[in-house]
Amino acid sequence: MIRKELGKIISQKEIAADIYELTIRAELVEDISAPGQFVHIRVSNGMDPLLRRPVSISSFNKKGKQMTLIYRKSGRGTSLIAEMEPGMEIDILGPLGNGFPLDEVSIGETALLVGGGIGIPPLYELSNQLAAKGVHVLHILGFPTESAVFYEQEFSKNGLTIVTTDDGTYGRKGFVTDIIKELGFDCLYTCGPAPMLKAIEQGYPDKKVFLSLEERMGCGIGACFACVCQSGNAASGASYKKVCSDGPVFRAGEVLI
Amino acid sequence: MIRKELGKIISQKEIAADIYELTIRAELVEDISAPGQFVHIRVSNGMDPLLRRPVSISSFNKKGKQMTLIYRKSGRGTSLIAEMEPGMEIDILGPLGNGFPLDEVSIGETALLVGGGIGIPPLYELSNQLAAKGVHVLHILGFPTESAVFYEQEFSKNGLTIVTTDDGTYGRKGFVTDIIKELGFDCLYTCGPAPMLKAIEQGYPDKKVFLSLEERMGCGIGACFACVCQSGNAASGASYKKVCSDGPVFRAGEVLI
Amino acid sequence: MNRLNVELPGLHLNNPIMPASGCFGFGREYSRLYDLTRLGAIMIKATTVEPRFGNPTPRVAETSAGMLNAIGLQNPGLEKVIAEELPWLSQFAVPIIANVAGSVEEDYITVAKEISRQANVQALELNISCPNVKTGGIAFGTIPEVARQLTKKVKEVSEVPVYVKLSPNVTNIVEMAKAVEAGGADGITMINTLVGMRLDLKTGKPILANLTGGLSGPAVKPVAIRMIYEVSQVVSIPIIGMGGVQSAEDVIEFFYAGASAVAVGTANFVDPFVCPTIIDELPCVLDRLGYEHISECTGRSWKKDGQLAYHRA
Amino acid sequence: MNRLNVELPGLHLNNPIMPASGCFGFGREYSRLYDLTRLGAIMIKATTVEPRFGNPTPRVAETSAGMLNAIGLQNPGLEKVIAEELPWLSQFAVPIIANVAGSVEEDYITVAKEISRQANVQALELNISCPNVKTGGIAFGTIPEVARQLTKKVKEVSEVPVYVKLSPNVTNIVEMAKAVEAGGADGITMINTLVGMRLDLKTGKPILANLTGGLSGPAVKPVAIRMIYEVSQVVSIPIIGMGGVQSAEDVIEFFYAGASAVAVGTANFVDPFVCPTIIDELPCVLDRLGYEHISECTGRSWKKDGQLAYHRA
């Protein structure tokens, strides 16, 4: 079920340059069905900014009804979220979308999780759940530069974690795609900038690959057709998927990136 | 000099139903030249609400660089101001306009201050200053109902204070104008709803009367012609005064109410 | 007593609040959030003869107190709407207003003819004002004589009353309104979106793949109010008002301007429960303002005292 | 190096930022807040032949991210503007753009002829688009041929270049722009305000005494950007853009759309120091985006790569 609710902010801190970790207590945590789902956040009570902001659920704890989001402060909306303080209420709609499928890898198999920048957060709960299930989990986390690195230790607890930076200031220099080549895996889960997703999709046509997409959104629930992408396997151009309600996670090839 | 500044909120409390007393520390307090001037407050950092809100300076203390405003929470803007807390910054432009003239009454003479509802606040500093100067000060304060009454005691310290309520739930029932008839005075200062000001102006054509007006404002500094009223003593309709920069205080007859 | 019911050509509404076309799809998503029968009516997404994928993404961009959209009339096409969407919607006892779009006259006629025959379609909304479709559309929405002709032809084939949706992107909205009334329109819905654009600070290029988009939301409300005020005084058919409605107070303002019902678009994205919330709040607002029935508010901004219904306050 | 200077017909501007007409009076009030020579230019309040008191109050109303005004061209009249305001302004080394208004052709011609002869008036802004004046105005701003004729006649008598201020309340802004260019306009300023209205919840009546007013502020920015984008591609005269500018980033967006300079209106009421603040911030924004000079930004939204000036980023 999708709920709209005033969640309560439990904590908020800057964990890397302009990267914030926000923990919220909300009833809707009970309804989260898979890692990779997201919430749609109203950033002001007024009319400006008007639209909600989609942010992935990075991890959650159903018992405590808490979830953690990790976001980058970039524009007006995320700047307003960054100003919120513990104890304050935050208007959230969710859980939205379909998350990563866990049943595509079995115990003993290897899952490779590849995240780029702000695409990393939704992979964290996935990593936790896969590891708990007994899957071997490997992580490649790409950041622009040293100051942007976050959650390396957290991911490391679940399995090998390789960090890359575009400028080589931390970890290995270069693209996550270069590293994927070095590793074997049964299933790959990824989230990050479109060019990265595209490269991964094209590089492993015969593998099980799941990608989480981003698109500008209106409603966030599938009604407005703002976030549509073309179905990859359809002959006619009129076949489509909605990132908000059919995604944000798709099987590679399911949609055109 | 007019300054735009981030003042610091020292305290804020609800002193009657929906009536707030807000004390701000700001450099611009140094530039206040007379009771009855006002400040123009930006109520949000964003674009909505867009315009500033004019609010009178109710009292000030130059040494401590503090001023107190009293306002009624009515629409969106004042509701946002009411949410602000001590320690927060508030964007204010001022001091603006010309206040009440003190030199129109001499020591030993009697000044009658007549306030209606939210027109009462600017009279408070005036009362203080007149009393300090040695003028006999009488006050008539009109409120809609008991729960709206504020500052009766404060005014009483300076002189006789008669409170009226429209519904008779507190003080005397009826209009302030009925009470004025009972009192003698050398100079009358008033602020309140337009019908009240009009009645007072018409009732005492031979007396010294000063009225403080309200008008919807744009700039607040005299540039946009939003707050214009017609000059009372002009034959041609093209003669006008601006409430923000020529007023808000006018001598009775100077402008058409 | 129901203080909110409204009678309009073809429409017996329990309340005057309905989601605006394109902001509510065909109702499936919102049906998971609340009971659709609470709505006065539903204006479904524009339907065209053939399925349309619409424009490339990004399709939305935010603006101050508003948004731009360039969806491009994405819809599954007449056949599927009739075969799948309308039958699904028929489970709810709520009037459906079908939004009809096209590029040439025949398109409108085909869709209007077929869709108006569906059992739960109580009225058509002729969309002659979508700013996001390159071909055709423009002339229908901006040239009075063309609009009149189209209205007339659609009326001839429609089984249900026809409301024509006006574009605000015209010099003279009154002329357009008179033209569609002369063409036989049973009502007017207004306003559609204002054409606008946003540019990306980094690239310098438009944010929307379609370059321009339609501006909606609170930013446009003053334009909508002004146009409804002007139009309602010169036509004798009812107006369903829209453009930036977010609250019960906004609804009253649209009624004052001259509307007889109100559609809510963009606000559904801000708060998906906005329609039922407004419906719940309306009676309190009527109490506060001193009206027995919401219909007393229609046209209050321009009606002479003698024309006004009883008003308690 | 000055990275902000702009050369336009009649105007040698140190920077492209100027207060918009009607939002800055004749500069006296703002001169007490900062040094007016910091401004690129000043667009002074509309001047008419005779003094005008303007409309009754209330003259302004707030809207979401915008405001309505119906000042009604209040001004002291041509004689006083020439005798008092312009001489006073001449103490500041800042170009003056005189906004010329009227109800009939002769009004415009009289004002243009006289005011263009004043030493510090470097250009005229022909206001054919004020929505708050009942008589005349409308046709000048909405009928291309009428606008062309008026432009031509004003050009004949003006001693300085003539910029024509376009109204956004038209179906086809491109036609209007072409018409005034054909009439000999040296430049275009756009946009004036959109016609809007707000109603009082309690009385049901319009808040503005004039009933309707002109909508300005951030709410209208997407409409302004779209219109400048369209017009700048079809005319070869420069555009001074306006409509909702609040920040240095907004200025860049207007340049991208096709403007060569920018006027700031409503934002002066929100922050009376907004013009010098924007001027101070522009170089940093240019740095961040990788431009040497602000003129590189003009038309970037539609120019082909080959047409673009060097861009570092």
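By letter and in written order, the chains are A, B, C and D; residue numbering begins at 1 in each of them.
Simple rule for what comes next: a contact is a pair of C-beta atoms (placed from the backbone, for glycine too) under 8 Å apart; a residue touches a chain by one contact, two chains touch by 3 or more.
Computed from a prediction, not measured in an experiment: that's the story for all the values here.
Novice: In terms of C-beta pairs in contact, which of B-C and A-C ranks higher?
Specialist: A-C
Novice: With centres defined as the mean of C-alpha atoms, identify the chain lying farthest from chain A.
Specialist: Of all the other chains, the one whose centre lies farthest from chain A is B.
Novice: Could you put a whole-Å number on the gap between the CA centroids of chain B and chain C?
Specialist: Chain B and chain C have C-alpha centres separated by 46 Å.
Novice: Cα centroid separation between chain B and chain D, in whole Å?
Specialist: Chain centroid spacing, chain B to chain D, equals 36 Å.
Novice: Approximately how many whole Å separate the CA-defined centres of chain C and chain D?
Specialist: 34
Novice: Pull out every residue in chain D that's touching 2 or more other chains.
Specialist: 63-66, 217-219
Novice: Where in chain B do residues touch at least two different other chains?
Specialist: 47-49
Novice: Mapping chain-to-chain touches, which pattern fits: line, ring, star, complete or other?
Specialist: complete
Novice: Can you check the complex and tell me which residues of chain D touch chain A?
Specialist: 64-65, 218
Novice: In their complex, what parts of chain A are in touch with chain D?
Specialist: Touch residues, chain A against chain D: 47-48.
Novice: Quick one: in the complex, what on chain D touches chain C?
Specialist: Of all residues in chain D, those touching chain C are 63-66, 68, 142, 169-171, 194-199, 201-202, 204-206, 211-212, 215, 217-223, 225-226, 229, 244, 249, 252-253, 256-257, 289, 297, 300-301, 313.
Novice: Where on chain B does chain A make contact in their complex?
Specialist: Touch list, chain B to chain A: 44, 46-49.
Novice: Write out the stretch or stretches of chain B touching chain D in their complex.
Specialist: Residues 1-2, 4, 42, 47-52, 93, 215-230, 236-240, 245.
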